[in-house]
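So, here come the structures, one by one.
Across the two complexes that follow, subunit A remains constant while its partner is subunit B and subsequently subunit C.
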Partner chain A sequence: MNIITALARMLIFPGLLFAIPAAWFFLWVERKAVALMQGRIGPPFMQPFYDFIKLLGKDPPHRPGIAGMLMRVWPLIAVASSAGAVGLLPVLPASGGFEGDLILLLALLEVPSMCIIAAGFSSGSIFGEIGSAREAVLSVSYNIVFLLAILSIAASQHTFSLEALALLPATPLRWLGVLALLVCLPAKLHLNPFSLPNAEQEIYSGPITEYAGPELAMWELSHGLEWVASVGLVATLAAPYIAVWWIAALIFVALSFAIVLLLSVVASATARLQIDTTVRFYWQCTLIFAVLAVASALFMRFRA
Partner chain B sequence: MNILTMLFKNLMGGSRTLRFPASPEVTKGYRGLVHIDPALCTGCAMCKFRCSANAIVIKPGKGEFVWSYDPGQCTYCGRCLEGCKTNALTQDCECPPIYLTEGELRVSYTITRKPPAPKAPKAEPAAAGQSESAIAAGGAQ
Partner chain C sequence: MCYSRRRSPWLFHMNSGSCNGCDIELIASLTTRYDAEQLGVRHEGSPRHADILCISGPVTCNSLAAVKTVYGQVYGPKAVVAIGSCPASTNIFINSRTLDGPLSKHIPVDVFVPGCPPRPDAIILGIAKAAEILAERGLQEASKPATELKAVKSVEVQP
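Take a look at the complex of A and B:
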C-alpha cells in the first residue's frame, strides 16, 4: 500500500470524508427508526447535521484550570480515535487496505469510552460521576465478551490482520464471533437496554451533562463515528469478499444500514436495564457463549 | 400485546404526530381558554384572587375596572371559574390556539362597575312570629 492509497483511505473512504456524513446518517437512521416504531414522525434527514452546526455556533462555557482544559480535550481525543478506527476498517481489501490488525482497531474503539469516563469525573457533576461509574462497570462487562469474540474470530482464521480477515471466507466460528459482537454493540453505543451511562431521564445524559456548544458537538460527532466504526467492523466481518470495489462498498453500506436498523428495533423494543442486571447478563450469558467460541476456535486450530 | 407486533403496527400504521395547525381531539370537560361575559361580571376579583399563575389581572379605576387575561401565563386549572359566583367566566372545550407573537392572545376588558344590589328589606320579627304561629296552627289542623 503506497502513501496515496493510505491517505485516500484515511481521508476519503472509509475515512473522514465518508465517515462524518455516515455518522450523521447513522444517527438519523437510528432516531428515525425508533420514532417510526413509536408512532412518531421523527427528525428530518438533515437534523443531525443541523444539530452539529447549531452546537458549533454556540459559545463554549468558560472553564478555568486543569479540569476545564481536560474537559475540552476529552471530546477531541474521542473524535480522533473514532475517526482513526473508521479509517482502519478493511472495507475494500482488494484495493490495498491498511496493514494493521484488530488489536489497534479495538484499542481505538475503546478510547472514546475511556474519554467519556474521564470526562464525567472531570466535570465534577454528580450526574457525570454516576454516569462515568456506570460506563466503567459496563465497559468492564461487555469488553470481555467483545475481546473474546474478536479472539475467537482471529483464532478461527489464524490471523489478527484486518486485511486477511476481510479476504478469508467466513467460518461458522467467525459467525459466532460476529453474533457475540452484535450482542455487545448496544452496550458500546449506549443503546437500550444497556443505555445506563447516558440515561436521560435519570442522570441527564450522565458524563456529558456539563457539556455544551462545540464540545457537545464533538461528543455527538464522536458518538456518530463510534456508530460507523462499530457497525462497520461487524459489517466488514460479515460481508463476503468481493473483488469489484463498488459492489464491496455497496454491500458494506447495506450491511451497516441493516445492523443499524436491527439495533434500533432492539432499542425500541426494550427498556433500560439496571446495572446489576446488565452486568449479570454479560457475565453469565454472553461470556459463556464467547468462551465456548474461543475454546472451539483454539481446539480447531490445534487439530488442524 | 407482543412488543414486536406493536412496533410493526406502529411502523406500518404511520405516524400519529399531528402537523400544524391540526390539534388533537379533546375529551369532554377539557379546560381551554377562559372567556368573560362583561355583562355578568361584578368585579369581585375572586378570579384574580384564585389565579395562582397571575394570568388574570384586575386594575381598579373610578367607576370601572380593567379585567385582563393572558393565556400565555394561564395553567388552565379552572379555579377562576369555580370561584365566579355570577358565572361570568366560561372556558373553551378545545386546545388553546398556537400563537407566534408574545401576548397575541392577551385580552383586556374595561367593565363598568355595577352599583351594589339593593339589600332585601328585613322581615319584621312580629310578622315572622305571626306567620310561624299560623304555620303551626295549620299543622295542628
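Take a look at the complex of A and C:
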C-alpha cells in the first residue's frame, strides 16, 4: 500500500502508459473489424495514432469568451476522468495503492458522457444540441440497467470494493450482472445499434460537430479511454483470480480484446434503432432482467 | 507530423449543384471494392473535422455562399479537391445564367479530378495527391507566417 505502487498503477499499468496505446489499439480493432465484416481491408495498424497526431497539428480554433473556454475544458475533463477510471481497475492481484470502489469507478465512467452532453449544448450548434438531447435520453435509459447490474454484483458478493470483487470467485449471479453490463456497453460507447448521439447520416457528428483540431483529438482519446475503462471493467469482473501478475495482465488484455471484437462485430452487423425503440429496449427488456438479478441477489443474501 | 498528415486525410464532401454522378463515385471509392480507408481516408460529417474539401458540381449561384462558408469552416492546413469536370470548367453547363463557376474563381483548388463522372480510382489518386500537398503545406505554414504562403501548384489527375 505504498506510494510507489499507487503511482505505478495510475501511471503505468493499467494506468496511462498502458491505457493510451490500448485506447488506440481498441479504436483500430473496432475500425478493422467493421472493415473486415464489410469485406474491406481497412485502416493500417497505426491509423488512430496518425489521426491523433494530425489532429494535434491542426490550427486550434479561436474561441473567445467563457463559452470558448468551456468548449476547450470539456474534452480535457472527459480524458482525465476516463483515464482515472482505467487507473482504478483491479487488474493486478493485491497491487495495493489507492483503493477505489465500484461507486467511484461508476462515477468516473459517467463523467465523459456528462461532458459530451454539456459540450454539445455549449457548442451552440443545432446538430450538437440534438445530439446532446439524444445522449441525455440514452444515458437515462441505459444507466439504470448499468447501475442495477453493478448493484446485483455487489449484493451477491457482499462488497463494493474492487479489490475484493477481483479476489472473490464468480457466482452465477455475478455472471448475470456481467451480461447486463455487456448489454449496456454499446449504448455507453455509442455503437450500433444504439449509436443515436453520433448518428452521422442524421445529425453529422452530434455533440462534437463543432469541435476541431486539438479539441477533437482529446475527444477521440477520451472515447478510446472509455473503451478501455468500460471493457476493462467487464473483463476484470469476468476474469478468474490468478496470483501471478503477468498471467493476470495477459488474461485481462485477451478478455478485453475479445469483448471489443464482439462489440464491433455486433455494431457492424446491426443498423441503428430509433430513439423510442432504444429507450423501450432498455426500459422494458433489460430493466426487468436487471431488477430480477438484484432481487435474487438480495434474497440469497438474506437467506445465507 | 508531416507523415501523419499524409496518412490521415479526412474528407468533407460538398455538392455545389452536381448531378449526383460524382457524389456516387466518391462514395463508391470508400466502399468495399476500392476501400480508400486503407490510406486512412475517413468521410466526416462536419467540415470542422476535415482536412480535404471535396467539391463536386459547377457552382451554381445558389450554392456559392455555402461553398465559401464551408471552405472557411475547414481549419488549416487544408486542401481542396475538385471532383469531376463541372468544378474544373463548368462542363456542359458553360455560359448558363444560373452558374457562377468554375470553382477556382472563388476558392484555391489544389487537385482537379476530371471526368464525367471520374472513376473511383482516379478520385482516390486525387485524394492521395491532395494529402501530399497537405503535408507540404503544413510544413510551409509551420516555417512561415500566413501572409507569405506560396500557393502549391495545382495538379491534374489523369483518368
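We take it that the second predicted complex is superposed on the first by the 302 of 304 C-alpha atoms of A that agree within 3 Å, B and C clash if a C-alpha of one lies under 4 Å from a C-alpha of the other, contacts with A are read in each partner's own complex, and residues count from 1 in each chain.
We adopt the following convention: a contact is a pair of C-beta atoms (placed from the backbone, for glycine too) under 8 Å apart; a residue touches a chain by one contact, two chains touch by 3 or more.
As the structure is a prediction and not an experimental result, all values here were calculated from the model.
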Clash or fit (per the criteria above) of subunit B with subunit C on subunit A: clash
Contacts of A:Trp283 with subunit B and subunit C, given as first, second, both or neither: neither
Touched subunit A residues, subunit B compared with subunit C: C
Touching partner for A:Gly213 - first (subunit B), second (subunit C), both, neither: second
Touching partner for A:Phe257 - first (subunit B), second (subunit C), both, neither: neither
Which of subunit B and subunit C A:Val265 touches, first, second, both or neither: first
Touched partner set for A:Glu200, first subunit B, second subunit C, both or neither: second
Touched partner set for A:Met37, first subunit B, second subunit C, both or neither: first
Touching partner for A:Asp51 - first (subunit B), second (subunit C), both, neither: second
Part of subunit C, among the options 43-51, 97-105 or 151-159, whose backbone runs into subunit B after overlay: 151-159
Residues of subunit A that lie at the interface with subunit B and also at the interface with subunit C: 35, 38-42
Interface residues, subunit A side, partner subunit B - complex: 35-42, 265, 268-269
Touch list for subunit B against partner subunit A, complex: 3-4, 7, 10-11, 13-17
Subunit A-touching residues of subunit C, taken from the complex the two chains share: 1, 3-5, 7-8, 10, 31-32, 35, 37-38, 40, 42, 44-46, 48-49, 51, 75-77, 138
Subunit A residues touching subunit C - in the complex, by the definition given at the top: 31, 35, 38-44, 46-47, 49-51, 53-54, 57-59, 61, 127, 200, 204-205, 209-213, 216
